[in-house]
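You will see two complexes here that share subunit A, one where it goes with subunit B and one where it goes with subunit C.
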Partner chain A sequence: MIEILSASALATVQDLGRLGALRWGVGTSGAMDPLALAAGNLLLGNDVDAAAVEVPVFPFQVRFTEDGAFALTGADCAARLDDVPLLPWWVGEARAGQVLTLGLPRAGAWRASRAYLCLPGGIDVPAVLGSRSTQLRGDFGGHEGRTLRQGDVLRAGAAESGAPVGGFGLVPPALVLPLQVDGVPAMRVLPAAEYAHYTEASRAAFWAGEWKITSQSDRYGYRLAGTPLEAGANVEMRSHGIVPGVIQVPPGGQPIVQMRDAQPSGGYPKLGTVIEADLWRLGQAPIGSRVRFIETTWDEAISALDQMQAWLANVQRLVALYRRQQARS
Partner chain B sequence: MSTHEPTISVLGTSALLFEAPGHAMTLPDQQRIWALAQEAGRWPEVREAVPGMNNLMLSFARAPLALADLRARLLAAWDAAQPLPLEGRVIELPVVYGGEGGPHLADVVAHTGLSIDQIVEIHSAPAYPVYALGSHPGYCYLGGMDARIATPRRKVPVLSIPGGAVSIGGAQTGVSASAGPSGWNTIGSTAMRFFDPTREPPALLQPGDTLRFRVQKVIR
Partner chain C sequence: MRIDSLQQLSTWLDDAGIGLLELRGPGVLLRLGRDAADAAAVGERGAAVPHQERGAQSRGVAVNAPSAGVFLHSHPMQSSPLAPVGTQVRAGAPIGLLQIGALLLPVCAPRAAVVTGLRVPHGTVVGYGTPLVDLDPD
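This part shows the complex of A and B:
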């Protein structure tokens, strides 16, 4: 069990998302960095889609109210358990009463903006419409359908199964599966239906330019700033389903990338979609930072997904191996 | 690109978008979309078949290795799809047009050249069929708006409009079910609960139901 010590910090409970309620207008929500969430869960022997706390604002503090293991993934935020520094992407063991502090994310070997705190068995909140993710727009899911506040108490889903196994970790995927163009973090994009509506110069500028993530960016969407994109003609679209990753271009010409809390439908023209396998990279890109986009193909996007799954499968195998060794020694 | 053929495009590797030919929004085409949704929703690679306005999104349970087979199946199913005449309930919504609850009514006046009274009369006249749900929990996309009051979506989306906002976006109209961002022009407001996650189904309205707007008040 943990108690939130930080005042309003925009932290939320998230799993891999609410898949299958789109036909009622319910978007997916879910972790902005699904890879960090899944890996954190695997480190604890949880199901990959167990719920965790997503932390976007630092410093962030929780107190453990009972003994237990925990995993920290995502941003390297100089975490400390009481006064003991913790490595990023690490499994720790806490005693009742100990305080976990997440500091400002460090711009070290990789730069990220969100941390995930996973507990054994996942965060125990009720599943609503098939998921424990917080649906902020609908005020349901997660912890009481809202962001976490000081004094909130969250329970772990599993009592410790045997002795907790801590003291090991992972090399983060930002280092194992890096993707940059000219030193700038990059995401692969599949062109979407209205791609051809944009002028050739605008399309070229989209791929060649750096895009700044403006301060008007959050879990709903990232509003980008760069060379405005010009369409050959203004089209009024019929509303249609969209997914996180879709890059919409309102008439102003500055693109908006739909993120996890995005609405499940829209009507602005779509230039492309950040592929599922790279959405975690964008989910971790800090406000004010710049990103690049790489044009990709269906086949490449599928193999990128396979690569991500293979990395997770390898994590699962290594964790099982380590736990077996620990159990024997 | 011929406008007589449906278009199929991808939304990354998460979903595929099927769009009926043309740019209009017709009830017969929507009824075929409902039929296509019923059929495609049974396919193994499809997690959910989600109707939009004369279009259909298929979210993938698992992204297919190649798209050719799925495209061919969709086109064949569309050709075979007969209009599915869903006929649900009729719901009446009292609306206060204009004032604080309708901050963009003036923009619709400016764009259409019509008076406030004409816009209210035209907007409240039809029985609007619910074509699809989307945008946010419980929100309904409606067919049947009179083209005379069509007004383009806003150049920059509004960061938050309240629940119950009645708005026009392009040739469409709808009512927001909760507060949130929107690119549409809000012309009025209503009080109605459209969504309850503990209910089965959670949404008040479904495709095939009908909405009527009753003029409760006009604030000029």
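This part shows the complex of A and C:
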């Protein structure tokens, strides 16, 4: 069990998302960096989609109220267990009473903005509509349907999975599957239904330009700033279904990328969609940083997803081997 | 196992840069070390067990590779080494990492000590039992 010590840190309980609920008008929710969440779970021997705490604001502190293993993935935030430094993307063991502190994310080899704290068996909260993710629009799911507060107590789903002495960790996927253009983090994008409505110059500028993630960006969506995108003619549409990753262009020409807490429908024209396999890259991009977009195809998008799944499968295999070997010795 | 296979095995160990081979089977216990001192000091669990240095550094201990892998001085996300020469480390602190594919295993200080030497460069492929870090215990 852990007790949240930080006040209003905007942290939430998330799993891989509430998939299949869009038909009821219920958005996806889930981890902004699903790869980090899945990897943290695998380090503990959990199912990939077990619930964890997503931390977007630092410093963040929890106290362990009983002994237990934990895993930390996502941003490298100079974590400490009491006064002992912890490595990023690492599984460790805490004693009752110890305090885990996550500091400000460090730039390092990968600039990320969210950390994931995983516990054995996942965070034990009720599944609602098939998921333990916090649905902030509907005030349900996660821990009491809201962001975590000081004094909240979260229980681990399994008593103890144990971590080998000294712990162990993973090379973060951002270093193994890097994607950059001219040194700027990049995401692959499929052109969407209204792509052709934009002027040739605007389309070219979309791919060629850097897009700044403005301070009006959160789990609902990222508002980007760059060269305004112009449609050749006025595009008027009725509201229609949208999913995380969809890039909408409101009348001002500054795009919005829908993120995990996006509403399930919208009426702005869609220029493109960030592919599912690259949403974690955008989910980790800090406010104020710049990103680039790379035009891709359906086949490439599918193969990128396969590559991500292959990385996870490989991690699962290696972790299981190492845990078995440690248990034997 | 035939006794004349040993020659072949030790040649392979030499070629692969592996310091120690331990083989257990029904009625068989084989322990082949390139350096007699290394072999004698590796404990039952085969973990990173310190061994007494022979010669001048009588107080020093070397920490050996707990597994084959790529020895890293620093975490892949960080540029500064975990324990450069001169660092005071506490017992159990990671002083280096062994990378095996996606996995990172810690090379831990067996006791509180000062790091006095790094035996192999960052990014070197090392075999099981290879001495990696020299420590001077407090």
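The rule we apply is simple: the second predicted complex is superposed on the first by the 323 of 329 C-alpha atoms of A that agree within 3 Å, B and C clash if a C-alpha of one lies under 4 Å from a C-alpha of the other, contacts with A are read in each partner's own complex, and residues count from 1 in each chain.
Throughout what follows, contacts are C-beta pairs under 8 Å (C-beta built on N, C-alpha and C of every residue); 3 or more make two chains touch, one makes a residue touch a chain.
Everything numeric here is computed off the predicted structure, so don't read it as measured data.
Engineer: Let's test your reading of the overlay: on subunit A, do subunit B and subunit C clash or fit side by side?
Structural biologist: Overlaying the two structures gives subunit B and subunit C room side by side.
Engineer: Should A:170 be classified as contacting the first partner (subunit B), the second (subunit C), both, or neither?
Structural biologist: A:170 contacts subunit C only, not subunit B.
Engineer: For the overlaid complexes, name the partner, subunit B or subunit C, with more touching residues on subunit A.
Structural biologist: Result: the larger residue contact count on subunit A belongs to B.
Engineer: Tell me which partner A:27 touches in the superposition: subunit B (first), subunit C (second), both or neither.
Structural biologist: Once the two structures are laid over each other on A, A:27 reaches subunit B alone.
Engineer: Touching A:190 in the superposition: subunit B (first), subunit C (second), both, neither?
Structural biologist: After superposing on A, A:190 lies in contact with subunit B but is clear of subunit C.
Engineer: Could you work out the angle between subunit B and subunit C as seen from subunit A, using CA centres and rounding to the nearest 10 degrees?
Structural biologist: For this superposition the angle at subunit A equals 160 degrees.
Engineer: If you stack the two complexes on chain A, which partner ends up touching A:36: first (subunit B), second (subunit C), both, or neither?
Structural biologist: After superposition on chain A, A:36 lies in contact with neither partner.
Engineer: May I ask you to decide whether A:102 touches subunit B, subunit C, both, or neither, giving the answer as first, second, both or neither?
Structural biologist: neither
Engineer: Rounded to a whole Å, what is the shortest Cα gap between subunit B and subunit C in the overlaid structures?
Structural biologist: The answer for the closest subunit B-subunit C C-alpha pair is 26 Å.
Engineer: Can you list the residues of subunit A that touch subunit B in one structure and subunit C in the other?
Structural biologist: On subunit A, no residue contacts both subunit B in one structure and subunit C in the other.
Engineer: Would you tell me which residues of subunit A are touching subunit C in their complex?
Structural biologist: For this pair, the touching residues of subunit A are 76, 84, 87-90, 106, 108-110, 165-172, 175-176, 311, 314-315, 318-319, 322, 329.
Engineer: Which of the residues in subunit A come into contact with subunit B in the complex?
Structural biologist: 19-27, 128-129, 135, 137-141, 190, 192-193, 216, 220, 234, 236-246, 250-252, 263-268, 270, 273-277, 298, 301-302, 305
Engineer: In their shared complex, at which residues does subunit B touch subunit A?
Structural biologist: Answer in residue numbers: 7, 9-15, 17, 19, 23, 25, 47-57, 59, 63, 65-67, 132-139, 141, 150, 152-153, 155-157, 159, 169-172, 177-181, 183, 195, 197-198, 201-203.
Engineer: Within their complex, state which residues of subunit C touch subunit A.
Structural biologist: Result: residues 45-47, 75-79, 90, 92-94, 97, 99-106, 108 of subunit C touch subunit A.
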